[in-house]
Structures are given as C-alpha cells and as structure tokens.
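Paired with chain B in one complex and with chain C in the other, chain A is shared by the two complexes that follow.
After this line comes the complex of A and B, so read on.
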C-alpha cells in the first residue's frame, strides 16, 4: 500500500501546483513571444536600413534640389537622426499603431495598411479553412479506408506538394478562370460575397500544397494511431468501430496533426505575398512588393512587422492550445 | 461436458515482409468454466499470439488453420455484431503493458466505463458508481479521484489493477491475462495476482494465465501448458509441473529458475538460443538444446504423447526418461546421463 500513498501524495502535490504552474507556463510563453517580437523588429528595421537605395534619392526623384529643400525632407522623415534614434522612434510609434508616413502615398502608414489588410486576411482565412477541411478530410479518408483510392490520393498529394505555389496559381487561372470562366482572373472584387468569389481561386492556389501536406500528415497519424496498443484494447472490448475511431483514433491523432496544421497555416502568410501578386488582390502582400520596388521604407517595415507578428502570435497560440489540451503535458487539468 | 474454451490444431502464420511465418503450430488446449489454465514459455514462444487468436485480435493478413471454440461455437465464424458481442461479453483481455494499452489522453473514468456505457447501455452515473465499486474492490484508495486522472498519473501497479477492474467489470466468462504482472515489482506482483484470484473466485470466471514464471503458474493455475517454438510441448497439473516435468524443456526451465534457499553448485541456464516456430528445425524443435536428444528426435516432429493420467508431452523419449529429468544438474552427470539414456535405448531395442 505504501506505493499507493506515494502516488497519491505526488498527485496531490501536482494538483496543488497545477494552477500556479499553468500561469507560470502561460506567462513564460508570452514573455518568449515579446522577446521574439523585439528581435524581429530589430531585424526588420535593420535589414531595411542596410538595404541598398536611399529613400531620399527616391523622394527627390533624381531632381536636383536645394540643400534647404533636402533638409526639410530629411527633417520630415527624420532621415538625419542617428540609427538608434530612428529605430526607437519607429518602435515607439509602432507600439501605438503609428508607423509613420508613407513616402509614396503621403498618408499615415497605418491608414494605407488598414485599407489593404482585409483582402489579405480574407485570403489567408479562406486558405486556412480549405487546408483544415480538405486536408483533414483527405487524411481521415485515406487513413481509415486503406485501398487503391487512398493510395492514389496519397500519391497525388506527394505530387501536389512538389508543385510551386506560383505554378499552381497559373494552372488554376488557366483552367478555372480562362477556360471554364468560373472565377475572375484577377482583382479582389467588392466587399462581401463578391470578395469571397474573387478570393476563392487564390485561396485554393495558396492552400493546395498545404492541403496535400496536412492530408499526408493526418493519414500517417491515423494509421499510426489505428495500430496503437490502446486501440487494441478498445477493439478487444467489442466497442463499435465508429466509437473507436471517434474516441480513440481521431481524438489522439488530432492533437499532433492540428499543431502541425496550425504551423502550416502560419506559413501561408509568406506564400500569400506571391499569390496576391499573381491574382492582383490589392492586399498587404501586393503592397509589400510595390513598396519594396518604390523604396517606401515605412510601409515595407510596417508590413514586415505585421507579418512577422502575425506568424509569431499564431505560433504561440498553437503552442499554448496544445499544452492546455494534452493532459500529458500536465497543465490546464480541469479537475477540481 | 464440453469445455468453455476448446482450441484444436491451431496453426497461425503471420505476414512478415511479404511471406507468411509460422508462429503457432498445431496448438491444442482446453479450459473449463471457472478454471485457470497456465500458459508458460520463453518469450517468442507464441503465448501472446495464442490469446490474441482466441480474442480474434490477430494482425491483418494472418493465416489461421484449426479451431477455436468458445462454449461450442466456432470463434472464427463470428462476424460483425456476433464478434462484437463475443469480445464485449465473453472474453476479456488483461494486457501485459497496461500503460501502452490505455489511451493516454482519456481519463481512467472513461477507460472503466466506456464498455459499460457503450455495449451494455448503462447510464453514465450507474457505470461510474460501478467503476468506483470495482476500484475499491481491487484495493485502490480514493476511487472517485482516480476516475478523473489520466494514465500517466498512475503507477504501473495501479494501472494494471485498473486494467483488471475494467476487465472484470463486464463479467466475462473468460479472462485472457497476458503476463499481467511481468512488468511489475515483486510486491505489486503478488498483490495484483491475489486480486485477480479473488475476482475469479467471486465471479466464477475462467482464466487463461500467461506467464514465463513456472512457480507462479504452479501457484495459481489448475493445469499448465508449456509452449516451445509455437508448439505445446507439455501439459499437466500445475502442482506437478516443477516436481515431475514431462518434457526436457520444462525440466530445463525448472532448473534454470533461481530458487530461494537452494544453493545450486552453478546456476544452470538453458544452453543454446530459444527457437521461434518459424526457424524451428525438422523433428523436435527443442532437440538442438536438449541434453537427451538422439537421432530419432531429429527425424520427425513428435506428436503429443499421453503419459498415463498425469498429462501429455511432445517428447518421444519420455517413456524412458520419466522421473529422471530433474535427477541430474551437474555438468559431470550430464555425460553419464547421456550414456545411461543411450543404454536404456539399446536395451529397449
């Protein structure tokens, strides 16, 4: 019986510590998030500062200007301050949502961004939904119903994963927009259903490789779970197959799959720049490309920071969700 | 009266890298309601495969010949709903590795009640009350709290007790216990065994008990079967097994066992390597390791030989050797034993 008492004591100790432990864990992750964001802001700012090309020469557009006029411009855009001061000013502004003034549009950067963000958000959200629905459906089917169809699906997924996003986009445009005429070739449409219609093809192009990846991944996870010893136990108890699949196979396979799927979706942010460009969606990605070309530094910095922040925040949220959902990590137990 | 479980001429082949490998050969066994049958043998001898065949848990692509009859019905004819009912109500497994065999992300309460709620349509509250009762029965303190815990929060011994509680919860007629105590330390082992024995007596269940511990088999089983390379090599009453073995392999196991209070001149280990059914040579599978082996042993696979009322053996030399298997342990005696055996063989010609 001594063993029972030891285990009981350990369990009690663990449960007592559990609440505090969870808080410490969450705070730790948020601290990590802030540190990463800080480093990212340094990199974003530094990279653009070191990049070739001088915003001043772009502002003057090659015209010769009087030193007084140049001084006015420099003062307006704070180009004559030391680097660290420029960084601190930029960071301080960014924290309050003020990213400075766009050199090209002569408008606050935040306004420029706010006008473009919805198109990007819609694209990434639709792609994420497609990745989750289609990827998990393909994986679940192939995992649970082995056979010729499943094998073909997995072979197809392997092939699709090798197709670059850009090529997928062009092929989709040729087939579904040009030949079949089901979708517009480019443009973001007007807000509402029209925007969804315009964004469908881009979202599919963006999601395609990830659908294949998540499909393969969830198929493998389900196959592995199906042959797990604890599933043998469930089978040996004569439980209905549907019950076993839902409670033991899918439930257990879901956690690792959703984590990786989440990271994949976070990765869509980078790929969305290409897609926006191809489909001329007029979102942040397209703005990023044109701003880089036009040396609109404040805009480039802001978009990079927004993208990096979105990626890091998404990562942290997935991390936290996984830790809170998996009882083995020993956090977030809801036992009283 | 027909036995509760009747296995007859069971031969099982499993697919390994595109070919079928034999894991069980012509296995016969019989178990009556309420009795305990021991199944002993070295690891790889096919003990787990035997019970998995009985529970219809063989891997895909397994090739099975022979019969498994439960209560007169052919187990391999069971399909769909009938198979589910057989697994749900008639036989129940206790697995060796309780940790691997419980879902790590579900609570013990779910583990204990899922079969009751799903198969027997018991209301959740009633099932939980029953689970609490069962946990108390197997000596687990604070059962209410245990129901809310996850497998990783329980020790191996506790988890195995929960496993046993879950198995008896559905009141099966046969428990298939696959080395339920091998992974546990000695004290916990004894506790778990006594719980299993008590549950069996209380509910009148038959138990097919796998172990590689001859002494344990002798203590808890009515009859014991010894498996070697996928074959039954001996069967007799458990109490006799270590006093008067009927097969040289069993005798070797008895001698290999370190006995407390018995100072052996040297610790006898069985020479040679265990053979799997797949690699077994023609003739007697144990012959390469047997100190009594003769040419005749290697010629043909021996069939089971009845030794009076005592039991049966797959050793063709048993009529000569009976009673002398444990007589010699030292290396020096071995040669003389061989000579004596040979002399006996000469005499019978």
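After this line comes the complex of A and C, so read on.
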C-alpha cells in the first residue's frame, strides 16, 4: 500500500468515525427528533390558549350544550388544572391514542380518525410511487439522452412546478373525469381496486409538481456526474457506456436524489389536505377542513399533531438513512 | 522577470474574464425579461384594472348565469351571473396582496433574526438555529389551517401563520450568507475602527447580501401565492363574495361539472402564469447573486 492510500484511508476512517461515533450520531438525531416533536406538540396544545376568549368558550363556540356535555369537555381538557398539568395529561393521552371526544361526532377522536386514515394513506402512498417512478424516469432520460426532447421535457418541468396541486386537480378532472369519463370525479370508492381507481386522479394531481421537481433534480445530478473527471476518464478508456452509467453515474447520483425525493414526498402530507377536499376522498385531510369549518377543535388538534409528527419522523428517517448509507457524508458534524 | 510578467498577464486575464462573467450575469437573460414582463403585466392588471373595469364584481344576476363572452361581459359570467372579467381583475388584488404581505413580514423578521444571531453568535445564535429548525418542522399549510381554526377563516389569520412558517426559509439563507460576510476582512477592519455591530450589520453586511435576499423573497412569493390560493380554494382563505383567484377555481368546480369551465380555467391560468413568472425571475436573480458572491 502506498503512502497516499494509507493517508486517504486514515482520512476516510476519521471522517466516518468509529462505531461509537455512529451511535452518538444516531442518538443525537433521535434526540433532535424528540425535541422537535415536543415543540410541535406544545404549539398544537398551546393553540387552545392562543385562541380568542377562554378555552371553554372557544371549545363550545356558542353552541348550546347541556351542562353534562360541558362538564365532559371540562373533564376532557382538565380545564381546572394548572396549564402545565393540562398539557401533560393531553400529551399522555395523545401518546396512548386518546385524543378526547369529537364535539361534532360525539365519538372518541381516535375512532373518527382511524376510519378516515386509510384513504389518506392510500393517496399519499400512490402519489409517492408516482413521484419516484415518473420523476426518476424523466430525470434519467433527460440526463442521459440530451437533445431537443430532453430540453423540452425540462422546460415543461419548469412550467409544471408553477402549477398548484388544486389547479392540476381541476384540469385533470375536466379532461379525464368530465370529458373522457375514464375516472370518477368524487369519492373514495370501495376498498380494493375500486379505491385505487378512485384515487388515481387525486394521486397524479398531488404528485405532478413533485414529479417535475424530482425530474429536474435527477437530470441535473446525472449531468453533473457525467461530466465528473472519473467518468470522463472511463469514457476515454473506452469502457462500455452502459457499464459507466450503471457503475459510476447512477450510483453516485442516486443517494442525494433519493434523499431529496424522500423529503419532497414528506412535503406531500400537508398538500394532500387540499387534494382530498377537491376529490372528496373522505380522508383525514377532508376531515381536517370540515372540522375547522364546524369548529370541532379536538379533531383539528389530533389531525394537526398526527400530520406534523408524520412529517417530522419521515424527515428524520430519510436524513438518517442518507447520512448512514452514503459514505461521502461525515457523521461528525451536522449536515443542514 | 518573465515569470512575474507571466503572472501579471494571467491575473489580468482572470480579472477580465471575471468582469465579463459579471456583466453577463448582470442581465436577466431572455427568459428572465419575458418573465419580468409577464409579472409586470399581471401586477398592472391587478393595480389599475379595478379602476378601468366599471362592472361590479359582486353584482349577482341569476338569469345571466354561465354566459359566453359578449359586449357586456367580455369574458362571460359565472354560476351566479357575475362578470368574470371584473372578478378576475378584482381577484388579482386579493391574490397578490396576500403573498406580498407574507413575503414582506417573513423577509423582514427572518433577516433581522438572522443578522442579530450572526452578530452576537454563541449561545444566542445556537438558540435561533434551534427555533428556526423547530418552525421548519411545521408545514406552512398546516400552520395556516390551524390558525384559521383559531381565529376564523379568512386572509388575516392565514397571512400571519404563513409569515411565521416562511420565516425559517429566509432566515436560514440569510444566516449562512451573513456568516460568510462576517468573517471577511472588511468586517474586521470596521470592528477595529470601533464601528457599532448593528451599524456594520445594517450598513455593510445587509447591502452585500441584499441580492440573495431579494432572489429568495421572490421565490417565496410564488410558494406563498400557491399556499394562500389553495387555502381560499378549500374555503378557509378569502371568504365569499370577495373575488380571489384561488376561490374562483373553487367555485368554478361546479361550472366544470356542468360543462362551463371558463371561470376555473381563467383563474387557474392567471395563478400559473404569475407563479411561473415569479419562479423564473427568482431563479435568475439567484444565479446572479451566486456568481457575484
């Protein structure tokens, strides 16, 4: 082994750190995750006190409620306790799946949520699959085969990124549901293939701008890798292009692109609220909007908490996977 | 001797090349100018249009529902027989003022926070970074929906919530740029002369990173417009009968199912044109500030 390789190996070892350093890194990230979740729960709980008027009048919203119902509400939020105790009880309940009772549905919030969650999960998962497949395919094609078609694909992607999800939804409904009649306009359908059929247009509408974004991103990453010195060397050595692309270009471009694609998919969670409303999918997002309109605050709190938690956890998992799997990332310092 | 001359020549060439690059980067490019023209046109329509259009955007006439273009209604009417042209023109005001306020508030607050954090450094800077990260974990749209749940549906709550949600986006970029500036010799020179930190931050660091701030504020405008239009679309933003592009796409849904897509399509087109123009301008400005940095 020459001296330079030894030095290089030492440098890599320093950068990667020992197993203990990896553990410390992962624990640090999980600590950050818990801290962020704590702050998010404070915001969602504290919202009750940020509202105009006192918490009880905000929860009842001038609805004529029986004294028993008001007593139930007071007991549920422990409004007689000090605020910090109220928070701890609320958080403890939320952690064990007890979000209180819905004011409108008069059922446990967790039951109301559980009935709606599958529709939302299906929508977000289908959109995620579309983002990954279509985005990476577009990016790989445009990156590997430069030309007029690729250039116009990238220009089209720039335009599509300016299309809000609800505009995409309206146009898709107009063309594929109203004029061509291929897909239903509203509703979630019955579980199974029918649900997938009903969720196809919503998922495309939700995914469209992200497909364009991931497409542009992966195209840029592939072009950058293609012009890298080691790839140029491999080309000049006459190695088969297929081999170079698979071995050097895709492998190097994949990790950063997949990471940003993952973060983009996490961003779809919030955007799905609007799409569910357009297509009346009856998921958590549509429930959130109707609960805001009907002033069913326990449900609003629960859905906000669930969505923010899902967003934060997904972000952290993707971040961790990237840092641990990509050997080019140093674990010692924060990468932000 | 010749080596020195060579060096001077090489340096002169580098300087000339950098100058050329800067001159080239100073222009927005063809796409940038087209985008700027489109955005200016949209702003003009929203600013001056309501003065020229004499039709009341909220005048309901049920007997004139879903009319095609005519002399009285140049773009036709909506489901309630209201004039589409008037509603699009007046709706432009609400559609543009909302994101403008969001960007103004979040940029001023974010920049002030980042500059203070960078100047004081230490635990204060760390605390600001933590706060920024925490806000970043809250999707803007969810925060806005939560705010409308508390303070009632409408633009004020949504604008306030989005101003907070967009703050970290600007603050992060300003912080890293200001951190770079703070370590440059000119800042040290000013400190040695006893210039006050606030003065250095405002008078020297801020102008040097202004291009970057404007570029990212421009990009944020596009996102804020889409978020606010989306809120109005689902009925939590601008309330009827006030005209707004996002809300018009929402009410236009009914027309689409009945075979009259005009309202939804016109409003959608205006949203997309505005956002696309702003995105292109923001991208160009960003490239420009990167080359100059």
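Note that in this section the second predicted complex is superposed on the first by the 276 of 336 C-alpha atoms of A that agree within 3 Å, B and C clash if a C-alpha of one lies under 4 Å from a C-alpha of the other, contacts with A are read in each partner's own complex, and residues count from 1 in each chain.
We adopt the following convention: a residue touches a chain if its C-beta (ideal position, glycine included) is under 8 Å from a C-beta of that chain, and two chains touch if they have at least 3 such contacts.
Given the structure is predicted, the values throughout are model-derived calculations rather than measurements.
Once the two complexes are overlaid on the shared chain, A:235 sits against chain B while remaining clear of chain C. When both complexes are overlaid on chain A, the residue A:327 reaches chain B alone and has no touch with chain C. Residue contacts after overlaying the shared chain place A:314 against neither chain B nor chain C. In the superposition on chain A, the chain among chain B and chain C reaching more residues of chain A is C.
Once the two complexes are laid over each other on the shared chain, residue contacts for A:243 go to chain B alone; chain C is not touched. By the touch criterion defined above, A:293 reaches chain C but does not reach chain B.
Applying the stated touch rule to the two superposed structures, the chain B and chain C interfaces on chain A have no residue in common.
The touching residues of chain A, when paired with chain B in their complex, are 1, 3-4, 6-8, 11, 14, 228-230, 232-240, 243, 247-248, 251-252, 255, 326-328, 330, 335. Those residues of chain B that touch chain A in the shared complex are 55, 57, 83-89, 92-93, 95, 97, 100-107, 110, 114-115, 118-119, 139-142, 145, 148-150, 152-155, 157-158, 170, 187-188. Chain contact summary for the complex, chain A toward chain C: residues 32, 35-36, 39-40, 43-44, 47, 50-52, 58, 158-159, 161-167, 170-171, 173-174, 178, 185, 267, 269-271, 273-274, 277-278, 288-289, 291-293, 295, 297, 300, 304, 307-308, 311-312, 315, 336. Chain C contributes residues 130, 133-134, 137-142, 145-146, 148-151, 153, 222, 226, 229-230, 233-236, 246, 249-250, 252-253, 256-257, 259, 261, 264-265, 268, 271-272, 275-276, 279-280 to its touches with chain A in the complex.
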